[in-house]
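You will see two complexes here that share chain A, one where it goes with chain B and one where it goes with chain C.
Now for the complex of A and B:
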């Protein structure tokens, strides 16, 4: 260590020897090199595996799926080659290799990697700055929502009238499965991705996330995982819904491998992001930000991350073992040779249900953050909100079996799990009570973020109440597998999750883009989508109550009216979302410039300027009060007025 | 939230990239490692649940490796590999201690030895998998045991990488008494790997023949 660098607050820090120019190998990598090397390695893996299989089997053999022998192995290795090649091409392996070789990063290296003074190029690179990663997550989420939404339109087009047969039945099933998993991934990242990365570190008073390189890794792993998933539509599709139950998945075409690879990689991405977010909040909060001064949105993101950290590996292993059954002919889920499909269902739902809370909690917490600002009132019962968040996190571990009431697995466990599922409505109610309590006698400043609060409360009540019905084993006997279930979970995931995310994006849009979101066009889009949503899913409730099963292409004429209305509603949602998207794009490009604190919030992200400086704060802040002291005089204002009075006193004395 | 700004006087040594104290960075890294261990543990639990679940059900009498005459895997390789991992982990912990005491040469040697033992364990694990008296398709026991071994294989390759990196970085002076916690974090993770390997060994030792010998056939679910 010979040289020194001046860091942040004019601190002179000894530096390790600079190897090459700052950034090193990362100068040569970007999204294009990633795609090219991904494709090249995928092709190499595909052909080498084919040659090996040909050599071993002699070729010409067929397996029980009537696929050419070795095709599954080739496809799997192709996807693995893609992931490795993509990550190598984006520069993800440069850090670990440098670390092993002892070439430690200098401050100049770190600045290059964070995209300092790099312009828009930084959005196409392995950039570590949390603000860049947040924007990248936002773009990825919007692309996924666009894709999932398009698939939803196709599904509803098919279901507009029975026997329409717009699509081949197998392709229709693939649309359902792909729509489901694409939307689930999009919803999981919708709030914690863009806002967890962009806003949370600033809200905590940190300069960046705890592990900036892991932050970039989580984003690019997600990007790498998407092509295998989407490519399933070209390879026979996912015909078994987003849950891909066994043994159907084991017998499905090779498109299923894309799903499995995607989930395995996505779980890594989520785990890494969770570790990063939790560590940032626990260890990097500003001085004075005690646990009772941490903004509620931060609690929501931490709660969501804890669930992701603990439960995603279960989902990941459910798919690793499923892939193993296909590739190696193991028998984890093959009953004829000792496997059990219930094992799959248990591993799957151990994440599958908490995932709902992974989605809903941060969106709800974002709205709790928004409410005091737009009502100019303190958050009602801050501690009850925290209890609600962590009550849900705790109970999420003991509710998964309600998805398996009717499978015949351990019927005696149905009633305990019925109780635990109903119990989780208690902490959920805490959050609702905090919302209502904060609104009580408040005079809302009716801007788009606040509008989302009303929409989400409505949706959450509908989704919550119908969820209580479905958690009851006797009712579930009649309602499971019906359109009623579909409507219920859309009210929770889309109604609470997506509409909450839209409100949150609208609130932090000025901070992220330096411009206000167009209030009028945004509101038109938002409420159009909201109305369409009610039409679509209330009609779906009716179809479900009439007895229409889910995941069917053809149905009885009796369900025609409900489905017709539902399809019209879906198109209205689509129009609303497009309007909202238009508002986002035009506002981002040429919207009204926003000041650093556009809504008069008290949280730290509102105290720094916009655009947010590269290091977030010129000097690290110290927190002196809780973030919801609306209606309580600001101590600095008091200080100012006291000083003023003192001065006035002095001047009066002087004058007299 | 009212906020004021202030500067902080940080004592040496400092992180070259962020200017924070090394102790502060270490505190953050320690929590990160703990969280990674928690997440990885859930994955290990998933494998152990799969093993014990299929063992207890014996679906279609398909647990044992071959119908009629069961070919269980030998127990000793599981234990030998696990004990090798424990030994390597103890060496890593020792490497951390001696680095703290300023004996960097001894630390390098211990980390190098740990890396070598991990390599031997890795080769042993490959050999064990290659010589299992069953193939992956020979029932649920074979599947579950194979994956306990495969998971161990993946962990061992990671452990090798980490121990080699520790050795190399200590050799180059990148790890010094000031930032010896880097070795401690690797040792923490290696300890988790030992626990996972030992649990695998315990499961394969104690859960062989299924307690359920009257399992009904479930069929193939094929059309």
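Now for the complex of A and C:
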């Protein structure tokens, strides 16, 4: 297949026998069959569990939530039925079942599964091609952002209408919880999903991910996990914030089960995606792409995947225990029966904090990839950037207790954890220096991706300094649980994460869709959202400083003005995001066609043509240098050495 | 900011004899680059603005009448120190992005294609070492300041070291704080076990709180006193402070605790010793300590 030198003689490898036509069962499966079979199996599980519970308990027994008997078990089994049915209906089990029957997948089967020559239908199927999965991830992320953004508008409406309760408290609390977790999931997949899947394999010079079927599995597990989460709004809601602290979560209605199932499944999805990305980068890089020639974005995605792989199981475990408390009356978190509420908080924040870096690191790394291209300068101190990324990955393991300074769990542990938390600013400063050094004396090309760089650095500075306050236990004693914290983490997650992701998507949009993102409309949307963002969250900082606790729907009149301003800002963000979305959709449909290398980048994904051919490269590339070979010799150095030569008559250095 | 240091001339400058060390020569050479002074000026201006903003921040914190205790005073002092420490770095960062954005180094318009490439600066040993050193020293200073402050406010909260959490001040008033959905109650065991829904305390007397919850996690936040501790079911947590200002202040719940979390607030009333004693008698208690 490849035209590079043949080193070993091609041995004949016995191919498995083709049973039926290529693809087999997968011809019949698509998104619609998945939904139908999910609903059917959910209904079956629901009624069977109901019958069993009726049989076992004999009815008449009331639990502490005064819910109908066995409803919790029924709902749980219903969600499990939905997940299994959906995955079966999409065809996730086709491969393993064929393998168990002794019919290994043939090359023709694999080609069918990768969606070769299938047209648009492949986006609705269990397609293994990483480019299709990347687009699917992008769509899922956009839907989640739309949903989370809508919920955010409702929240801000409630907080802006200071003279009345717009929503009842139960619904309001469900809003903040659902907004939180939907946005967290959206942010986690925002960069590593679309770009990690679409761009990273091409950047590495691979033909696909290391495990293409696992790639499809991670995507469809995520899709399957969303409906249980969203359905909570119809089932009493998760009225406990996105952290769903115990034992409050135990009081919540059955909507909470949707949250728990979603997290348990989503953690599998993330773990699978992380393994896949790490393996791809480690084993499938192009010939000549040594570790010191790997693009920095790939490092960012790998760092993020490592954290996801290590820490997501903690979150999953915390929810499994919570579900067990709810379903089986265990008492992991019930103090009255010997459990501990602090156990939950620890398990939760063991993921909860690294997750921030899971979100921020790939977005930052994408900007580091963008900057050299738009400044036509090499990345400043490439190795320092790698050190920064892995410094954060390492330190992220030992900072989670800073979310628990005020819990009284272990007051003495505040000392070491304050130290580790403030130490994490050092690897962050590495990344900052890399950004500033790359910008230093460069001539920026003012395209949308480059604008995102400025916006994100600004947001990170604000998020960083407020983070310094919060990392300091004495100040946190005032700030903890206030609106100040909310504004701070929005500056990190949205300001650095989402605006970075917008820049990154604008940058790789031509590669993914063959068309340029409309520069003018995109920039208008971006800057509208940016201005609205500053207004919203600076006002929220003020509310927090004044002492407004978070997650309240009514508050002291002293906070009115800050909240009105904040709400106006939030609507502006909403408008800006809609404009950006409009730019994306119209450009996708009818934008200006883009060439293979629209920005003049040196990375491998810019060297293949657009649209990217089925297996990415007609000939596998060989890499001879890192992708940052921009620039001309530094004129100041030339000047300096010329001066020296003139003065001393000798050339002392061979540099320049 | 170039690598000129590598060729620091050992020899003196023959045309221009001076006592300055060689390094100064390099600095002044760098300062003569057209952008250097502008960036330094921008850094100074932005840092000054940031420092000024700190005063605004603290003013917002004090809007409702604080600080009402030494602890809040320490917190506000720490905010100043943290901002002053970070301001130069923030100022420098924002100065560079402003300068670059504004086109100080030139810029290529969106609709044009870049024609020339920038200087190929792969790295710069001096800049990297200086940056890491400065950032590490600043971070170390923040850590040390934070540790000392934490020890100070811990001593101020508990009236003792954190290790045993026993109040060492015999005069401290013990108060048992109970949070439940969605109200606070305060029990004064030393004043004849009177209970109140409002925290009434005498000024300048240390208070010591035993905090617990009947149902879910709450967080006991005496806003203007800068005191916060989670209220956990099945465990007693402790904190304390010494009110140093007469007046009425806010107590809020800072941890989502269910439907009416927003309304779970009450007042801290700091009164004189005499008023406190008469309040205790009104409530039917007796002063036993």
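Throughout what follows, the second predicted complex is superposed on the first by the 615 of 656 C-alpha atoms of A that agree within 3 Å, B and C clash if a C-alpha of one lies under 4 Å from a C-alpha of the other, contacts with A are read in each partner's own complex, and residues count from 1 in each chain.
Rule of thumb we're sticking to: contacts are C-beta pairs under 8 Å (C-beta built on N, C-alpha and C of every residue); 3 or more make two chains touch, one makes a residue touch a chain.
In this text the structure is predicted, and so the values were computed from the model without any measurement.
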{"item": "Which of chain B and chain C A:321 touches, first, second, both or neither", "value": "first"}
{"item": "First, second, both or neither for A:247, with chain B first and chain C second", "value": "both"}
{"item": "Contacts of A:397 with chain B and chain C, given as first, second, both or neither", "value": "neither"}
{"item": "Touched partner set for A:621, first chain B, second chain C, both or neither", "value": "first"}
{"item": "Which of chain B and chain C A:378 touches, first, second, both or neither", "value": "second"}
{"item": "Which superposed partner A:447 touches (first chain B, second chain C, both, neither)", "value": "second"}
{"item": "Touching partner for A:336 - first (chain B), second (chain C), both, neither", "value": "both"}
{"item": "Which superposed partner A:233 touches (first chain B, second chain C, both, neither)", "value": "neither"}
{"item": "Intersection of chain A interface sets (partners chain B, chain C)", "value": "247, 251, 335-336, 339-341, 634-636"}
{"item": "Footprint of chain A on chain B - complex, ascending", "value": "1-8, 10, 13-19, 24, 27-28, 31-32, 35-36, 38-40, 42-43, 46-47, 49-50, 53-54, 57-63, 136-144, 146-147, 161, 164-165, 168-169, 171-172, 174, 217-222"}
{"item": "In the complex with chain B, residue positions of chain A that touch it", "value": "1, 5, 7-9, 11, 13-16, 64, 96, 99-102, 104-107, 109-110, 205, 207-208, 210-211, 247, 251, 271, 274-276, 278-279, 282-284, 286-287, 293, 295, 309-314, 316-318, 321, 324-325, 328-332, 334-341, 343, 346-347, 602-604, 607, 617-627, 629, 634-636"}
{"item": "Chain A-facing residues of chain C, complex", "value": "1-4, 6-7, 9, 11, 29, 33, 35, 50, 57, 60-61, 63-64, 71-72, 74-75, 78-79, 82-83, 86, 89-90, 92-94, 96-97, 100-101, 105-110, 112-114, 116-124, 127-128, 131-132, 135-136, 139, 142-143, 146-147, 149-150, 152-154, 162-163, 165, 211, 215-217, 219, 221, 223-224, 226-230, 232-235, 237-238, 250, 252-263"}
{"item": "Partner chain C, residues of chain A touching it in the complex", "value": "169-170, 173, 239-241, 245, 247-248, 251, 335-336, 339-342, 374-378, 380-384, 406-408, 411-412, 414-415, 418-419, 422-423, 425-426, 429-430, 432-433, 436-437, 439-447, 454, 457-458, 461, 464-465, 468-469, 471-475, 477-478, 480-482, 519, 523, 541-542, 545-547, 549-556, 558, 600, 628, 630-637, 640-641, 644, 648, 652-653, 655"}
